[in-house]
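In order of appearance the chains are A, B, C and D, and numbering begins at 1 in each one.
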């Protein structure tokens, strides 16, 4: 940690800060310039409260100089993390898996139909929500575990992996038999209790960036899961809130290359939530892959107009098929490929 | 709901939308202008997905024209809601209660000392966290229920009401005996399952605005609690995330008069989280009251430098005493008052 | 314009608004629902102040239902605008031109060297600033017209078109002989006097999105130029300000497909300003083309470490060469191409 | 400037950075920690490009530790700046002047009427726009210099000072005879050429914060004027762009105490632009004064419904009279006063 003193800081002020730092158990190196004194605190500074030091008399600014996350940092695994699922599908390598399916699981008929459709189009994962966090108390709240059972059957029938959102700790255990990957939604990105519990699980977790979260905060949240010993974390960019209102969120495509640089974890793009508009999904899915995304998660429904939730951002099956074709070309252009023919999944 | 057609929209496109609306069970009034056709959908439109209609062929724009919240709206109780606590302290009326205390309950000694200090300065509520959502997995996570017991004792000893944050459904029941008011933090503003459960409780709930939530979303979240039959909801402005980094958040003071206009619920200002800096707390507390806040919640600690969390935004006791004096003057200037001498609280 | 009345609005309030609208010269269609009355104002509503109506007694909300821009709208030229330059290079068609060069023109040697480098790599345009808006009063302010003369010579020597930023009206006339395209920077996006003057010029204008401008505001600004009779406007996404600080701005890639939908004007991506970091430029340039950009503008310098401005976001020549190769592949993947070999430019 | 190296940085990387810094003419102090090396660069670092250093091999982060502004900093004049106008009215001291008037000067009748009204209510300054930057090319663009003449006459007739917006350099000279204070609008906050010219003028300048400007950028912009020798700069908070849409902008009240801390310059609140809604203006004006504002600038019109611009955010004269009364009480509550009876102005 660096404490930069004001030009007019007195010797007493400087001494008082040195003393406080030494008391906190860190070593202090002092650089006295012609106009300004700088204190470098070296040692166990992670417990120091930067904001507190900013308010001390004579202080101009305080800077953290060590990364606040360790396990999620690129330095921890410079070669990058590749996560392998039961059926051999990997994420983080050269081959890019596509995750697709409806916002909500609605019925056996619906989930089987969409599973068939996305499988034929080239998806590796079937996504579908069983527990729905809805902003209106009067809206459909999801089928729960019975829905997950249907999704598992559909995934198995068509050789797909299953991914679904977990909203609270109590759901983890019941979900385990039915899914291949947990998904943590944007609203739960800082639900640290939930993250800690997922750190104890031995299934991959896809962690979505919060709607107002910085990239650093996303990485810090992933640290909770990693710290528990679960190293199979997939990050996901799904749009952040800005002043622009034409799209529901502003999808921060630059988060993709930034995360590839800062972290070893795979990063996936979610253009459905990233834009909230079906007509913008293909362009943003292509942009994600072009920017280096390790996967794409996208909402598809046999009949989006009849979907119980998120219909406006959900692709029609034929749009999805067309999109996968486009993504194959883009992936090729960046020296990668979209999974050609996903291998059959085995039951979990 | 209004659907504005593009100038070049064809009759078929218009008919197709009318048909879709009628199928959905609403009545459609058509206005055919010289250059543009407008469709007004009247009836049960709350279940219609605006975003879906925006994407239909020939549509220029779609507008919701009924308020998405009902129970939280000012029209529901034009005279405003006044919530009365066990000891007679009210919020929402002319008298303004101050809520103060440490970020975290740390020990019997600490909580009793701060209770005495804030009581003497003029607070009505003792605040203190027992469950702490921390962004680093390595930080202090709170004393839990034993901490709440200490807070209850301290509150009773000094005639204060007790308010503390609830983070998950499982905590509601155990917390009930120890607190007078639940607090829902910014990160949980859209934890709808939690809100629904709090709707069944018969204790007031202070609901904080999410860090990226609009005022409308805050009101919609309060609707979850109200819909359950718990009408004692207090809203709280605690800063939103913007591009400005000097303060931790940007406290949206204008949310206070806006909420007074749109809703009947009391609204409280939280300048500690609103700014993240102790040196900005007094000015923003004054601004809140000047703008019409019904209460103030502020962090105070016997020794902020030693606080286990949020020390930088926490006032020293003498700063708090001075602030309450300033708030009394500001309250007077707007025709209100800060509680002169809070009545003794009785055990819950 | 639609005026939605509150549920409790009185007949007098409704009548008063109808009267005000009729006085303003528009026709009013009234829809009386069971709970709510809706007024549709049809006619010359563009001069009505929506904000004013929102404040009238009994009004719930007011919505504009006609597009605020006309000439920039897609409906004005559904087939899209293709701008052709003197040497036959086009923008807006299937072939994508690359614009490249230093932030500032620094010397004859520098601009000739970079011109040769970007030409060899495949650029069609040489960009370079002669007038620099710098946030510090002590920084380099640009070479002015003598710099533009050097750029013109360099552009001609290597068969490139020249583009440079105009900062005020007084610069338009002197710049005319030396450039093929004016550039309006983000800070001047709402300098309406400047835009109006550029509407009278018969040279293309590249208009950058303001750092806090919505897409609608960008289109409205372009309307100023179009309204003057200059239809050769190129739009440019160059990043918006959000709370994320890792990148200097957040490049809103989704603005590219949105603008392709809303407008007929070509849209170009500027990943240098969009990210402010050289290491993120290639990924964001690729994402731009994948999302449908009609061109790319990027900063290149023979030695970015020695550049007088913006060095950190400026590519080394060999990085640029590599990037153009990548963009060729991405363009192909979306059914387009990057100009294979830009034709020689003729003097203006 | 501090350069924090990555944990894995090699000695060559460290040496290469030290060399680069020394070449740039600064002294380097090296602190070698157990896991991390820190370089402190001392000397003329203001010309170093922080962003450039961030990209060098082995670098974790780079921090500027000296303030980027000098003349605007509080340290330059710890006692604060008080600006005195011709008629003895001061800003920056204990007495708070109110500036009021229409958005646009429309006619002799209008400006005289409003001058009388705001004077009687207690204003010291008459504000009014003669050059209007409008986002639509079809809207009213202002009366120009003839309007300013009318405003001068009205101001003199009622003993008021005159303030009006300057939009470009060419307007400075012609405006000089008619106004007591230049106003620079939010859109021109980074029009550095204009600021530089205003640095040469010997009249006070009120500089508004840009809609997406940080507080630091506002102070840096003021530095342009101060550097030219014009020390009479008044800063103005007028709302920033956030994701909240209920108010036109989000007025950042916390900028007021922050600027009081960081700078010696007076700071004024503009609740009209800060909210864009007449019904929110009084609450936000009160909040501004409660937070420490040195003045208030507010839009008032004899008949806002008929105003040619900004009617929705403009107060009726009786609302303004009531507001001044409220502000007197708030000012008192914070130990200050609103000018009781502005002294008569003399011609400039």
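The rule is simple: a contact is a pair of C-beta atoms (placed from the backbone, for glycine too) under 8 Å apart; a residue touches a chain by one contact, two chains touch by 3 or more.
Everything numeric here is computed off the predicted structure, so don't read it as measured data.
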item: B-C or C-D - the one linked by more C-beta pairs in contact; value: C-D
item: Furthest chain, CA centroid comparison against chain D; value: A
item: Where chain A and chain C are represented by their mean Cα positions, the distance between them in whole Å; value: 31
item: Chain centre separation in whole Å, for chain D relative to chain C (CA means); value: 27
item: Euclidean distance of C-alpha centroids - chain B vs chain C, Å; value: 39
item: Two or more partner chains touched - positions in chain D; value: 212, 241-243, 245, 279
item: Of chain A, residues touching chain C in the complex; value: 212, 214-216, 240, 242-247, 250-258, 261, 274-275, 279-280, 283-284, 286-292, 326, 329-330, 332-334
item: Chain C - residues contacting chain B, complex; value: 2, 4, 6-8, 27, 29, 31, 33-36, 38, 40, 42-43, 60-61, 63, 65-67, 75, 241-243, 245
item: In the complex, chain A residues that touch chain B; value: 46, 49, 51-52, 54-55, 68, 133-138, 167-170, 187, 190-193, 195-196, 210-212, 217, 220-221, 223-224, 227, 241, 248, 276-279, 304-305, 311-313
